[in-house]
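Common to both upcoming complexes is chain A, partnered first by chain B, then by chain C.
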Partner chain A sequence: MSFLRLDQVSVGFTRYDGLIRQREFRILEGLSFGVDRGELVALIGASGGGKSLLAHAIFGILPSNAVVGGRIHVDGTTLDAPLRQRYCGRRMALVPQSLSHLDPMTRCRKQIAWAGQRAGHRLNAVSIESLLARYGLDDQAANAFPHQLSGGMARRMMMAIAAVGDPDLIVADEPTSGLDGENSANVLAHLREQADCGKAVLLITHSLSEALAFADRVAVMKGGRLESIEAASDFAGGGEALRSPFARALWTALPQNAFSAGGAIC
Partner chain B sequence: MLTAHRVSFRHGPRAPYILREVDLSIRPGEIVGLSGPSGRGKSTLGRLLAGHLGPTSGSVTVDERANQYRFNPVQYLHQSPIFATDPRWRISRIVAEGWTPDDVTRNELGVKESWYDRYPHEISGGELQRVALLRALAPGLRYLIADEITSMLDPVAQVEIWQVLLKRARLGLGILAISHDQALLERIATRVVTI
Partner chain C sequence: MTSNWPLFVTLRIVRLAFLLAAVAVVAFMLAKMSPVDPVQAYLGPAIAKVGPEQQDLIAQKWGLDQPPLTQFGKWLGNVAQGDLGMSMTYNEPVVDVLAKRVRASLPLMAMAWLLSGLLGFALGVTAGAMADTWVDRIIRTYAYVLASTPTFWLAIVLLVVFSVGLAWTPVCCAAPIGVLPEDVTVLERLHHLILPLIALTVLGVAQITLHTRAKMIEIMQSDFALYARAQGASLADVAIRHGARNTALPAITVLFASLGELFGGSVLAEQVFAYPGLGRAAVQAGVSGDVPLLLAVALCLTVFVSVGNTIADILYHVVDPRIGATHDMEIRP
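Let's look at the complex of A and B:
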């Protein structure tokens, strides 16, 4: 049984259609897949396609007009509000997409301590230092305000904050967007390491080429639906082993491959 | 030719230099790839070339003249088109800001007329990038600064957009393609410059 299991999860928003009537706009529809312990699953989809909404749905941080359907199971139990309250930060943690999820007015050191408190750990200076050192961050970074960090450092800081409670499930939302190749590889290698330590890791990204080297499986999304789940190793050669034509189209469209659209429209 | 001649830039008299005496030129029909690690001033150079920023010293010339056109023949395309479009404008108005495109160009970019009454956040990032590109491809366009324009898109959308731009380049459009993706630059660029 997968550690994280999504069962027909949908996400939509209600919007006014005229003055009185409300209508639901579905953005994600019927997503079902799982992430095992020790496994890194990459969820691939076009930007603006609602991938982040899935992460926010898992952690219960969608805006109030959002409607979530289906079930999310963590470690065999259906995730509801009280359970989420218990699990967030302790058994499951989110690495958010942008720095704007950090408090701009508080030095990083304090934000790590807060995250520790929420996870039920009291952190002293030494434990904060050793945590940061694991992510290649020094004292100077700990004393900085979020906006003073470079893109790559900020991403590692958010991963360190997520790792405070030693969670079993890590969801990383676009952790490499805006980073150059070296920083991206660094961030993804950290996530891979977490999976190798027995955690379940869900990597949400638009970059197939970056994710492939680090993922075990790839969930391919198209227009709010799950198109197929592929083994990362099947993205090879001409993509003959891939299950869905759309996954093959993505693979052959990469500049290092044929760089052809192959008639696929997305 | 679009030329940056010994261009330097910093944000204030005491701020550190982001670019120092950079020379770069783009000929019509040429796709110049610009790569380099984050923070080296790739986007700043792009904005200087498009006239969004003025150089601290040095000069930028378009076809040997200083830029004095009404429609800027050098257009800058942003990585995140959502920052380059007015959130309160509908797509129709956003496109019309550049020109009134013919159906051929519109279809070539895959921009649907059904998007026209929507707002930028109501279409996907890939769709909005196509809209931003359509707006820029007005008849007066001679050079395009493409700053990581497909790095947020899926590979299929990336190919579709670049195939249109490669065709335009064959017709004489000069393009500066800023990207981290070496494989992409090797595919599309006539030459690659690293800063």
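Let's look at the complex of A and C:
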């Protein structure tokens, strides 16, 4: 059984429709797929399509007017509030999307130490140093405030923070947005390494071309629904092995495949 | 490490000097234009016994017959040398009156300021972290009620309840009546300080609470607070480590910027409790037309308030790593 399993997960927001009646606006609908240990699954969808909401739903940090439907299972158990409180930071960790997820007034070293405490580890200077070294970060980066880090450094810093509790599941929310090719590859290679170490990794991204080289499977989203789940190796040639026409259209639309717009997108 | 600290502080001091000069001009002009006649104020009821010729003589001796510009120049020259003139109401040099009054007011205002800051901050952080729960509602209601309570009214209510009704606290003054100043014990001083202190503190709390609460709610919804939750942090953890740290700066700024209001509050509170502080001296000077004292209080207050604002400004630069002045100071191996 998959380590992380989504069972008909939906995310919506309630809004007032008129004065009294509340209506739910569904953004994600009926998502069902799993991520195994040792596997990197890429969730691909258009920007602004609500992919990040799924990450926030797993970690329970959606705004209060959000409604989450379906079930999320972690290691065979349904994730509810008490279990989430126990698992967050320890068994499952989030790599957030942007620099704004680091406290602007606190040096990175301290934020790592806090993440450690939250995961139940007391980190000393040496263990912080060796953790950072794994992500190519030095002492200077540790003593910096978040705004002093470059985009790539910030992303690696957040990956280091996620790795503090040695989690079994890593959810990376758009970890390559705003990075150049080299930095993106670096970040994704780190995630791949985690998967190879036996962790379950869910990579949420809008960039199919970047994800393919590192992912085992690709979950393709279209308009808030799961279109299909494809093996990464099936994105080859003309995409004949792909199960859904939408995935094939995405594949053939990539620059290296001559930008073919296809006819089947909508 | 290049730093523009000295420049920053120098600019502030220059600005303060300009401000003081401007306040001096305006205050002097207002005093000149007011119906207060220094000779009449000096003589009081005795004016009936002094003829117009003698009054003119006094005016001449004080230089009141000279053009206002000359008078102003003379006064400014004296002030620059540290001579603020004589207070007519207290029959003492203004400098001595101010020194005595500041000594009485300082503990009251400093303690009220600190207490309202600490209390307001704690309440604001709690309310903001637990926004829209009953705890938040109670704190918010309390703050709104306090914010709309007039100082003098609260002071009178405190007097009626604790001094008159329960007789726990003295009715007036800074020390027991009929006791020599050197015989007053610290305990007695504190006993007399309690009610004015409560009145001032309670009023200062509301502002800091509401400001802190608003900022706190914003921070609790920020990306980094959410990320902390995703790391498994408890509400208290997020509220203290991220919330309180990030709201401390705006709270301190509001606290320093509210020094002017604190003084305004102390004028009223000292009046009601007959507490012999700076605020009461200002009222006395105004009522009895004591121009030198009034002008000195105005200058004193200007320094007080603008130093407060300057400290708030400097703090912003010291504490927030993202703001200019210390920008290049942090990355250190």
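To be clear about the criterion, the second predicted complex is superposed on the first by the 263 of 266 C-alpha atoms of A that agree within 3 Å, B and C clash if a C-alpha of one lies under 4 Å from a C-alpha of the other, contacts with A are read in each partner's own complex, and residues count from 1 in each chain.
Definition applied: contacts are C-beta pairs under 8 Å (C-beta built on N, C-alpha and C of every residue); 3 or more make two chains touch, one makes a residue touch a chain.
From a predicted model like this one, the values you see are computed outputs, not experimental measurements.
When both complexes are overlaid on chain A, the residue A:13 reaches neither chain B nor chain C. By the document's definition of touching, of the two partners only chain B reaches A:49; chain C does not. Of the two partner chains placed by superposition, only chain C is touched by A:96; chain B is not. Once chain A of one complex is fitted onto chain A of the other, the partner contacts of A:88 are limited to chain C, with no touch recorded for chain B. Residue overlap on chain A between its contacts with chain B in one complex and with chain C in the other: absent. Put simply, chain B touches chain A in their complex at residues 37-39, 110, 123-128, 151-160, 162-163, 180-184, 186-188. Within the complex, the chain A residues that touch chain B are 44-49, 150-152, 177-183, 206-209, 249-251, 253-256, 259-262, 264-266. Across the interface of their complex, chain C is touched by residues 56, 59-61, 63, 85-90, 93-94, 96, 98, 100-106, 114-115, 118-119, 139-140, 143-145, 147-148, 161, 165 of chain A. Of all the residues in chain C, the ones that touch chain A in their complex are 221-224, 226-233, 237, 241-242, 245-246, 249, 319-322, 330-333.
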